[in-house]
Each structure stands twice: as C-alpha cells, then as structure tokens.
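These are the structures in question, set out in turn.
Both of the next two complexes hold chain A, though its partner changes from chain B to chain C.
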Partner chain A sequence: MEGWLIPFRGAMRFQLRALRRTPTYLMVLVTIPSYTVIFLALTDQADRPDLFGAAVLAPVLIAMWGVAIWVAGMIVRGDRFLGVLEAAIATPTPYSVVLLARILVVTLAGWVAMAETWLTAWIGFGVVIEIPHPVTFVLTVALTTLAMAATAVIMASAFVLSRVANTFATSASYPFYVLGGVLVPVALLPAWVQPLSRLVFLSWSSDLLRDSLALAPVTNVAGRLAAIAVLTVAGFAVAAWTLGRVLHHVRETGELAFR
Partner chain B sequence: MTPITTARRASRRADLRATLRVIRWAARAGWEDRKALFTWRSWTFGWFLRLVTQVLFFALIGVLLGSEEQVHWLFVGNVVAIAALGTLAVGPDASEERYYGTLPLLVAAPSSPIPVLTGKTLLWMAEAFVTSVLAFVLLAPPLGHPLVFPDQLVLLPVLATVVFANYALGIFMASLVFRAVHLGNTVFNFVFWLMAAICGVNVAVEFFPAAIERLAYVLPLTHGLRAIRGALGQADYAIWAEAGAELLVGAAWLALALMGFAWLAEGGRRDGTLDHAPG
Partner chain C sequence: MSAAIEVRDLTRVFEGSKRRGRERDEVVALDHLDLVVDEGQVHGLLGPNGAGKTTLVKILSTVLLPTAGSASVLGRDVVRETRAVRPLIGIVFGGERGLYGRLTALDNLRYWAALHRLADAEGLRRAHELLDRVGLHERADDRVETFSRGMMQRLHLARGLVGDPPVLFLDEPTTGLDPIAALDFRRLVDELRGEGRTILLTTHDMVEAEAVCDRVALIDRGTLLAVEAPRTLATWIARYERIDVDGASEEVLAQVRGLPGVSAVNRREDGGARIETDADGATQQVLRTLVDHGITSVQTSLPNLTEVYVHLVGDRGLEV
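Presenting the complex of A and B:
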C-alpha cells in the first residue's frame, strides 16, 4: 500500500501540470450556467424558493460526474495516442491506481462548478444559497469527489477495451442523474426503482447535500456518510477488478495498441 | 427555345446530377463512419437510452414541482431538444475533417464542400428525427401525455424543420471550429445548453428579459418548438407561422454556413493554414 503512495502522488502532480495546459478537461463547465438557469427558472416560475438549494446543487453534481467520466476517457485516449499506454501498464503500479489519482485531480478542479452555480444564482436570480450545516456539507463533498473518481475508473476499462467507448461514457450520464436523484429525490421515483437507486452513491450524496443546505437538523449523518464510503470502496474494487480483467485479456491477445 | 438555352439547361442538369452523386457517395461514407461507431445494440442501450433518460430527467422535474402540466411541458420541450442535440453534433463531427487531413482535399476538389458534408451527415438528420419521434411515442404513455393518432402526425413536418434548422446551425459551427478543432465539443455543448436554457424548452421564452428573448428568436429551436406546442394545445402559438419562421431561421444559418466555409477556404488558402489543426 505504501509503495503505491509515491506513484499516486506522482500521477497527481503530472495530471495537475497536464490540466494547466489542457483546459478541455473541464469542458463540461461551459454548460453549468445554462443548467443553473434552467433549474432556477423552473423553481422560480413555480414559486418554490424551498427548492432553490436543490436547483443550485444539481448542476454541481452534474458537472462533477461529467468531468470524472469525460476525463477517464481522455486519459486513456491520450495515453494511447502518445504511445505510453503500454509502458504505463507494464509498470509495477496498477494502472487503476494511476488512473484514480489522475481522475481525482481533475474532479477536484471541477468543484469550480460550485462557484459558477452560486454566482449564476446570485447574478441571474438574486438568490444567495447559504450552508447551515457546513461540516456535513464539506464531508459529503469530499467523499463524493472520491466516489466519483473511483467509479469513473470503471469507465476507463471500457476505453482500454475500445476506441469508441465514448458512446458509453456519454450514456453514463442521465441514467445516473435519474437513479442518483440529482435533482428529483429518490423518494419521488417509483417504488421499484428505489432499491436500485440506493446502490448508486449519488443518491446518498445528493440527499445529504440537499439536507445540509436546509435549516432543519440533518439526521443520521454518520450512517449516510458511511453508505457513500462503502459504495466508494465497492466502486473502486469493481473498477480495479474490471480493469485487471480487461488488461489481462488485451495482454493475452496482444491487442492493447490495436483496440 | 434557342440552342444556347438548351445547352445551359443541359449543363445545369449535369451539375445537379454531379452534386447528387457527391451527396450519395458522401452519405455512404457517413453510413460507414456511423457503423464503425455503433452496433444496433450499443446505439439502443447506449446512445438512445441516454437520450430517453435525458427527456425523463427533465420531465420528472414536473413531478418535483407537483404539476402534471409542467411534466407535459418539459416532456415536449425536451423531446424536441434531443432532435436539435442530434443534428447540432454535426458541428464537431464535420470539423474533424481537418483533424483527419481531408479538409485540403475537400477544398481542392471541384465540388463545393457543402454537398460532401451534407451527404456525410445526412444520416444524422434522419437519426435525430427518428430518435425524437421514438422518445415521444415511448415516454408519452408513462408520463400521461396524450398520444393521438393520426392528429399528431402534423408534428412530423414541423419536427423536420427543427431538424433542418439545427443542422444548418451545426454546419455553421463546423465552419467556425474548423479553425480550432479542439474547441469543437466545447462550442457544441455551450450552444446546445444555451438553447435548452433560453429557447422555451423548459420555461417559456417570455420568462426571460427582452434581450435574451430576442436572442432566443434567432436560434433554431424556439419557433419550431412553439409551433409544436401550438399544435399540441400547450400554448396559443400560430402553428404554421412559427414553422415558417423556423424554416427562415434555418435558411439564414445555412447562408451563414456557406459564407463561413468560403471564408475558411479562402483564408486558409491565402495564409497556408488550411491543414493546420491546432489541438
């Protein structure tokens, strides 16, 4: 485990430098003001100020998930294009660990979206969102970032396997936004969908983030944070296993560079 | 009829035949491109599922607001928006001609690049139209929106104008991002979500300040969507006048696209940057 920390930190440093030179990693941020306008306009028109917090949080979660998925694909495609994918896979450090570190850096940078939405809400609608439960909010944000990066590694496996995996990456958006209750809480979805939703970490994150913006006390914070943590670990375990299987397959067939 | 007139007509017919031939072959190339990208399974459970859930995501906001009327408004707006999404995407896709190094060949060829790009992306228009119709038919029953056959068939030609107008904007965007291919996806995403925000997809255009409203009317989604809402009885809009306005807006964007390509070709030839794709 300790042996992985050095390459983990190295991968983070490298990605930070790459991010400075490649702003398209954060492409999704150009859509965030529009999302914010849509959600706030809808809640404002319906005269539902109680939903302003949810309307401002949803674009942030959409941006973060979008960044994580997009960047997972970009990293694998970039490594393949530059001819370093084979070398990266041949090193003793698991590729999943390197990917996690690199995705995490860009996902963290993606929290700029929060400033974007807060500003759009203030300038466009005169809405100022306050955070009555800052500790819960910050802890949820931190765990959610890690969960997103860990889960996005699963998508990276698809990119190793196929050059056209972009299709799947773009498809991994709205089904998750619906199941994850990004704007419409899981409780409003049909009963048969709810157990499935609870397996998606976003459903716990979005509920907890919304609650931390409400004045009422947040209940069962530890339990709900633990649920996100468990799903993060499970997500990364699935990602590492899937990536391991995919890499084993392409090494065996010698097709890594030709996929 | 003088022999000169006859010769001119024959020449025009030959030109038309040549253009149609270019479109046909380009369409074949576009079909092969699409086949390399999708199988029927990855299209259905990947791309189509994403579009359907996108419509569902926005329609469910109506449930959150506790209004069936809102559910239907959001459903229709977003079904039409996915037709725009599918056709606008020709922008970043077509601009990749430069990335692949085929742009100088396109400019050097005696045919205009427009029939080539039209042919290559013809399938996108058909696909956007079909996905939009399928999403409407699939989601209308669970969302409680009336599905009235054959009355709602009137929506089809209006939807076709929306597809055409957005295609024109997509081609215009291609002509712009040909000079900066790496910005293709960013510009496309920005423009689509701007339209989703201000063109009446989720809230009526009239909700916004006058300046934004004016901008919405020159974007190729507003009028077509108003015509469709009028036909469905969601608002008191004049169906055919709005559909005509949509067609005009589309024609204007197509004219701009032609100018954009002329500027790109001439500028690129003059300064020798035609095959330089930054990014």
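Presenting the complex of A and C:
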C-alpha cells in the first residue's frame, strides 16, 4: 500500500499541472448552469420550495459523474494518442492507481460545479441554498468524489478496449443516475429496484447530501458514510481487477497501442 | 559473463483482418527466435521495417505477450514475473510520441519518476540530474512541444533512465535525427555502456549499429539471420560497394561485368549505369577499368542496409 502512495501523489501532482494546461477537462462546467435552470424552473413551477435543494444537487451530481467518465476516457485516449500508454503500463505502478489519482484530481476540481449551481439558484431564482449539516455534507462530498473516481476506473477499461467507448459510457450513465437516486430519491423508485440501487454508492450519496440540506436531523450518518466507503473500496477492487484483465487481453492481442 | 536478456524459441503471431469467406490472416512477427544478450553489452538489433525488432522489444518490455517461447530479463520471465521485470527495465521510443507535449520537461520526468516509485524529493533530484545529463537543464521549465526532435529524443532517453534501470531498450532512437543530434545521442549511449548497463538497441541504420554496438543481431522476418561483431558489418559495408557511372558504353560495361567481384551492372533510367561489387578490392579494379577507358564521371558510395540485405539474404530481405 505504501508503495502506491508515491505514484498516487505523483500522478495527482502531474494531473493538476495538466489541468492548468488543458482546461477542456472541465468543459462540463459550461453546461451546468443550463441544467440547474431547468431543474429549478420545474420545482419553482410546481411550487415546491422544499425540493430546491434536490434541484441544485441533481445537476451537480450529474456533472460530477460526467466529469469522472469524461476524464477517464480522455486520459486513456490521450495516453494512447501520445504514445505514452505502453510506457506507462511498463512501469512498476499499476495503471489503475495512476488512473484513480488522475481522475480524482479532475473530479475534485469539478466541484466548482457546485458553486455554479448555488450561484445560478441565487442569481436566477433568488434562492439561497443553505447547508444545515455542513460536516455531513463535506464528508459526503469527499467520499463521493473518491467513489466516483474509483468507479470511473471501471469505465476506463472500456476505453482501453475500444475507441468508441464514449457512446457506451454515456448510455451506461443513465441507469446509473436512476439507480443512484440522482433525479428521483431511491425511496420513490419501484420496490424491486431499491435493493439494486443500494449497491450503487451514488444512492447513499445523493440521499445523504439531500438530507444534509434539510433542517431535520440526519440519521445514521456514520452507517451511511460507511456504506459509501465500502462501495468505494469494492468499486476500486473491481476496477483494478477489470483493468488488469483488459490490459492482459490487449497485451495478448497486441492492441494496447492501436485500439 | 551472465545473460541479461535471454530469448528462447520466441514466436509472436498477429491475427490480421478477416476477409469474407476466408480464414483470418496471420502475420508471423517473430518466428522461433533465439537471442542472448550478455550483461553490460550494447546489443544492436538490425533489420528492415517489419523485421520484428519492435515486436521483440515490446515483449521484453512486458507490453506484449508472446504466442510461444520464452523471454527473460536478468533471469526474470517477462510473462510469469512481469512485476519483477518492470523495475529492471527502461524503454526509449524513437520519434516525437511518448511524451506529454503540453507539459514541461521537468513535469514529464517527475511524473515518470513517481511511476517508478521515487519519492517526491528523490524524483525531483533525479529529474534535474537527468536533464543536466542530457543537456536539457536550461529547458527544464519549457513545454516539450516547443522542443526540437533531437531534444525530444534526449528527453526520451532521460525518461527511460529515470528508474535507473540496469537494462535499457532503445527502439529506433535516432530515427529522424539530424547527423549531429544522432552523434550526440550515440555519445550518451556510449556513456551508458560505461556505467555497465545492458542496452538492446533496434535500428535499421548499419552505420549506427557499427558505431555503438558490441554485438549486432541481424533479424529478418522474425528470424535471426546472424549475430556478428560490428567489425563484420564494416567488412560487409566495405565489400558491397556501388559505383555510379555516366557515359559508359555497352562495351565498357560488358568488360566491367566480367571483372571478378562485380555482382551486378544495370543501366539507370537517366542513361548512366550502376555497378555493384561484392568482394574486397573489386571496386578498385572497376575504377581502374573505367579510367582506362577515359571515363571519369564516377561516384562510389557505400550501400545502405537494404542493399546489403539484397546481397546477404536475397530479394526476400526487402519484402515486409
């Protein structure tokens, strides 16, 4: 584990520099205000001020996941295009660790989206979104960021396998939003879907974030945060295994550099 | 002297595209190849495009799996002991790819240092040390995309050395470099040899192979043709000379054709002729004959690798 911390930190520092040179990593920030306006307009028209919090969280979570997936693909495609992928695979550091670190940096930077939505709500609708449970909110945001990066590494495997994985990743995101309770809380989904959605970290995250914006006390914070943490670790384990298998496959077919 | 690289019966077959109603094509890149490179040697891998040089380097550097056979680096099997092999090797690719152009040379090297698990301070020190060594210290904070090809190549070498590997693979490292830059690069390779590193260098440049290698393996169509000392290459180059001549009549050319050591005499499209020799001293005799007939518009030149291949292995050496 200790041996991974050095490359992990190094890859994070590298990505931070790359982010400064390539702001297109965060293109999604351009579209966020529009989504926020749509969601807020719907809740405003329905006269449901109690849902304003949910209306600003949904575009943030969609944007964050979008950033994570977009970056996973961009890193793999970029490394392949630049002829760096083979050299990276041949180092002593597993590529999954490198990807996790690099995706994490951009996803962290992506939280600027939250400031955008808050501002959009205030400027466009005169709504000030307050955070009555800031500690829960911050802890959830931190864990969710890590979980998103870890899960995006699974998607990166698809990008190693195929150049057109973007379409797949975008399509796969929609069930993820539904199961993650991003737009509609899990409790409102059909009963048979609910156990399945509990396997998706985002369902815990979105519920907890919404609760931390409400005045009512948040229940079982530790347990729910632990659920996100466990799903994060499990997600990364699956990601590392999947990426390992995919890399073995492309080493076998000789398509590591060409796909 | 023990073996740093050992390749036994190595075969790599690539599956080509499938055509309608036909079996999938197969391309044999390496065909039961055997090769041993001793520790501390600079070993050249010489062959035309498509000979299998890069395939071999990719297998040895663990980014490609062989179809059959075995390969090891410092006694570690590249397939079964991949994790043990990776800290032992450095890879240097030729050309402009393989670097992050928008980032600085220092950023690039620090990244690779981290991937080789050098702690922050150690990685920074190593990056500066290597930039100094390859003569790029002044450009450490410049974006790599602003570098000339020669500078990029030196940075490639620095990247390959960042993990301080005992075994280095240089894949066509001087491709596209101007002669001065290529000479500088060869000097660096010479220094690395002095440090006791084992270097496997692929090239299609016979002169380069002769200049820097202790041994040279000649490879064609995935098979090893010969492993020779560079001295032997020099002999080949000297033996297989070509003479371009203008104004020679058919009679003179017929006389030249009959000289010992003349392997071919062909008319060029522009009306001149090219005479090829394949024996020591044959060129001098040809020149004497031409001068005796009052022909002085003559130019001699050494063959390139492809032409030597034609002599050594026949026309099949040119097909890739």
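The working rule: the second predicted complex is superposed on the first by the 259 of 259 C-alpha atoms of A that agree within 3 Å, B and C clash if a C-alpha of one lies under 4 Å from a C-alpha of the other, contacts with A are read in each partner's own complex, and residues count from 1 in each chain.
Operating definition for what follows: a contact is a pair of C-beta atoms (placed from the backbone, for glycine too) under 8 Å apart; a residue touches a chain by one contact, two chains touch by 3 or more.
On a predicted model such as this, the values are computed, not experimentally measured, just so you know.
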item: When chain B and chain C are modelled together on chain A, clash or fit; value: fit
item: First, second, both or neither for A:A90, with chain B first and chain C second; value: second
item: Partner chain in contact with A:T170 - chain B first, chain C second, else both or neither; value: first
item: Superposition-derived angle with apex at the Cα centre of chain A and sides reaching chain B and chain C, degrees in steps of 10; value: 90
item: Which superposed partner A:I38 touches (first chain B, second chain C, both, neither); value: first
item: First (chain B), second (chain C), both or neither touched by A:P7; value: second
item: Touching partner for A:M148 - first (chain B), second (chain C), both, neither; value: neither
item: Smallest distance from any CA atom of chain C to any CA atom of chain B, in Å, after fitting; value: 11
item: Chain A positions touched by chain B in one structure and by chain C in the second; value: none
item: In the complex with chain B, residue positions of chain A that touch it; value: 24, 27-28, 30-31, 34-35, 37-39, 41-43, 45-46, 48, 51, 54, 164, 167-168, 170-171, 173-175, 177-178, 182-185, 188-189
item: Contact footprint of chain A on chain B as seen in their complex; value: 36-38, 42, 45-47, 49-50, 53-54, 56-57, 60-61, 63-65, 67, 70, 74, 182-183, 185-186, 189-190, 193-194, 196-198, 201-203, 207-208, 279
item: Complex contact set, residues of chain A against chain C; value: 3, 6-7, 9-11, 13-14, 17-18, 21-22, 82-84, 86-93, 98, 248, 251-254, 256-257
item: Parts of chain C lying in touch with chain A, wherever the complex brings them together; value: 12, 14-15, 58, 61-65, 83, 86-87, 89, 91, 93, 95, 97-103, 107, 110-120, 123, 159, 163
